[in-house]
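Down below are the structures I want you to see.
Here chain A shows up in two complexes: once beside chain B, once beside chain C.
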Partner chain A sequence: MEAIAFYLFAVLTVAMFSYTVMSSQALYALSSMAAGMIMISAFFFLLNADFLGVVQIIVYTGAVMALYAFGMMFFDTTRAVKEHNTSKVIVLTLSVLATLLVITIFTMPIAAENISAAFPEPAGVENPKAVGIVLFTKYLVPFEVAAVMLLVAMIAGIVMAGKKMDRSLTKMKEEEIAMMHQEETQKKVTL
Partner chain B sequence: MDTAFIIETLVKIVVVLLVFSALAGFGTYFERKVLAFMQRRLGPMHVGPYGLLQIAADGIKLFTKEDIVPSGVVGPIFKIAPVITAATAFMAAAAIPFLPEFTIFGYTVHPIIADVNIGILYILGVMAIGLYGPLLGGMASNNKWSLISAARGAAIFISYEVVTGLALLVPLMIIGSLSLLDFNEYQAANGWMAFAHPMGFISFILFWIAAFAETGRTPFHLVANDHEVIDGFGTEYSGMRWGLFFIGEYANMFFISFVMAIVFLGGFGDGTVMGALGLLLKVAFFFFFFLWTRAAWPDVRPDQLMWLCWKVLMPLAVINVVVTGIVMMF
Partner chain C sequence: MMEIGLTHYLVLSTVLFAIGLVGVMRRKNLLMLFMASEILLNAVNVAFAAIGHYYGDLTGQMFAFFVIAIAASEVAVGLGLLIIWYKRTDTIDLDTMTSMRG
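Moving on to the complex of A and B:
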């Protein structure tokens, strides 16, 4: 049963992501990548890591891919994208290196026999709790550093997006808007 | 795996699908009737007694209408978008206990399709994917109004998901479990979450407000642009594909009502017949409240909606979580 599910989702995941790379249609690439992210969560469920599986769906499909979609709203997504491959040498080197890396990662557990779980799941504890225990004991420092990084990114985002947030065009009168435009054009002239 | 278990699960899936697809149809009837009575009209009256067969007429119309795929759209994505909306709405139902467990012909039935230990998180995750229906539909439609409304809908959805998540954190912290059955048991012993703890009440109100944005109901109904006199991301859709968006929306309303009733208002309580009836009554009230609000309130402006989310609800929800943490520590 588990083997069937594993191979099914493995094939689906690989198919989805290769379609993301191969397709020249931006909307197809986006949808297949979102679907692939959901397929990956199946492996977490198969490994009894329910919590991480759902977090994978929420974070990658629900948030990251949705932001990609936002970015794509500025293109015409109904047309195929023309790609320029300037150097075939670079493409070849990168793909060979990536393949080597993947092969090394996958053969490691076969080559080295003394690999075991550093933090095996404590018995009698539910999966979300086990994740929490590891996160707030062994990995507390990386966890907090990641939180600080996200905070920095959030503040940077607010600063960059919120330059004229104190003014609202809907609340201003027509003359005030005209004044604002005039001031801005004058500024450009003096510069 | 046990054969009886597989058969039971399949039967439950079919029952949930049939019941809630039918309820989506009845939902449209109730909506038209409730809106009509609140506006001193009669609503649908001509097809069948009190217009009850209007649902069948609508169904026949939707199913037999020509399925138009306009030229210039991205075909496969355009076709799959409504399916995503409907499918994710029903997938969320897998972790919801609809009734207390009961015995029929000597066989104990658990009216929950999959009792996973991360129930509420799973529901949130699947509802988050529901965003892709309107989003992909709008992007594939090759229509600028569809695209704009899809962008607006997605922005609202993502923003209010923050509020939903933070509001749910408070009951999660108090109960210490993600399973909806544990929520129910805790509340059967300690009283309803919304009234036993002041923080629970605040998060209940926050979740309730966010539920309107999550389902795209009227005060926050900006996915379809009434002021642009078109149906938002659904503009290019016709027939049953448009109907699937509708079924998804109504199923979502029912399921989020169930989630609210179970997480904040005690669910089915001790599991007696009265408890089960109580749960259905609570769900009916929440559903009625969706319609009531639609009759009573106009849509808000998008910038007002974002202001409400990021400057009022989100800070409130964060403070609420912090206060809960402090109270639980001491």
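Moving on to the complex of A and C:
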């Protein structure tokens, strides 16, 4: 049963992500990537990482996909960007890297004989509860740092993308921005 | 039916990583390049969760969480930068980003 599920979702994920990489249409690439992300979460459920699977669905197909959809609508993606790059150097580099990865993976069990669990799964506890226990004891500091990083990313996103969507602050000179502010204050006074 | 072991998941993760690598190498459209980088991060997440599961350890899942957090902020900041670049140059072609060429 587990084998059937694994092979089914493996084939689906590989097919979806291949389409994402190969498609020339941004909309199709985006849709197939969203589907592939959901298929990935199936592996997390198979691996008893329930909480991770739910987070995967919420963060990737919820938040990240919405951002990409926004970007796709903002940019003119109908204008085709040529992507025919069949350089032999790139093909060679890719194949060498992929081979190295495969070799590393198949020699891993030899090197991994003496690995023991640093934070073993607590017995008799559901996965989300176990994750909570470990996350808020052993990984509290990285968790807080990640929270600060997300805050910084949010502010950066607002500052870079959100301000004055109709006119580009980054393109304008300092004097033009000052003029704009003056105009706005004058408007307020007249009102 | 054969039992699914750690190697199965690691091979799957390699295949996904190779797909993402191909995407990063061949894309000229920056938005599509970001999508390929998401595939790379997801491939690594699968490997983390699988190794954690087969060693009975939660550290793999913890790492996957932090990778997801980093991926989310990467998209937010990267898309912001991309919007600024689009406003300035009216294109998202990677080959136009050559202002630092000597």
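Definition applied: the second predicted complex is superposed on the first by the 126 of 191 C-alpha atoms of A that agree within 3 Å, B and C clash if a C-alpha of one lies under 4 Å from a C-alpha of the other, contacts with A are read in each partner's own complex, and residues count from 1 in each chain.
The working rule: a residue touches a chain if its C-beta (ideal position, glycine included) is under 8 Å from a C-beta of that chain, and two chains touch if they have at least 3 such contacts.
Worth saying up front: this structure is predicted, and the values here are computed from it rather than measured.
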{"item": "Touched partner set for A:A34, first chain B, second chain C, both or neither", "value": "first"}
{"item": "First, second, both or neither for A:V54, with chain B first and chain C second", "value": "first"}
{"item": "Which of chain B and chain C A:P128 touches, first, second, both or neither", "value": "first"}
{"item": "Touching partner for A:A63 - first (chain B), second (chain C), both, neither", "value": "both"}
{"item": "Touched chain A residues, chain B compared with chain C", "value": "C"}
{"item": "Touched partner set for A:Q25, first chain B, second chain C, both or neither", "value": "first"}
{"item": "Touched partner set for A:M73, first chain B, second chain C, both or neither", "value": "first"}
{"item": "Touched partner set for A:F136, first chain B, second chain C, both or neither", "value": "neither"}
{"item": "Common interface residues of chain A - those touching chain B in one complex and chain C in the other", "value": "51, 55, 63, 70, 72, 77, 168, 170"}
{"item": "In the complex, chain C residues that touch chain A", "value": "1-4, 6-12, 14-23, 25-29, 31-32, 34-36, 38-39, 42, 45-46, 49-50, 52-53, 55-59, 61-62, 64-66, 68-77, 79-84, 86-88, 92-93"}
{"item": "Residue ranges of chain A touching chain C (in the complex, touch as defined)", "value": "2-4, 6, 10, 13-14, 17-18, 20-21, 26, 29-30, 33, 36-37, 40, 43-44, 47-49, 51-52, 55-56, 59-60, 63-64, 67-68, 70-72, 74-75, 77, 81-83, 85, 90, 93-94, 97-98, 101-102, 105-106, 108-109, 115-121, 130-131, 134-135, 138-139, 142, 146, 149-150, 152-154, 156-157, 159-161, 168, 170-171"}
{"item": "Residue ranges of chain B touching chain A (in the complex, touch as defined)", "value": "1, 72-74, 76-77, 80, 116-118, 121-122, 124-126, 128-129, 131-132, 135-136, 139-140, 142, 147, 150-151, 154-155, 158, 161, 177-178, 301, 303"}
{"item": "Residues of chain A that touch chain B when the two form their complex", "value": "1, 25, 27-28, 31, 34, 38, 50-51, 54-55, 57-58, 61-63, 66, 69-70, 72-73, 77-78, 126-128, 168, 170"}
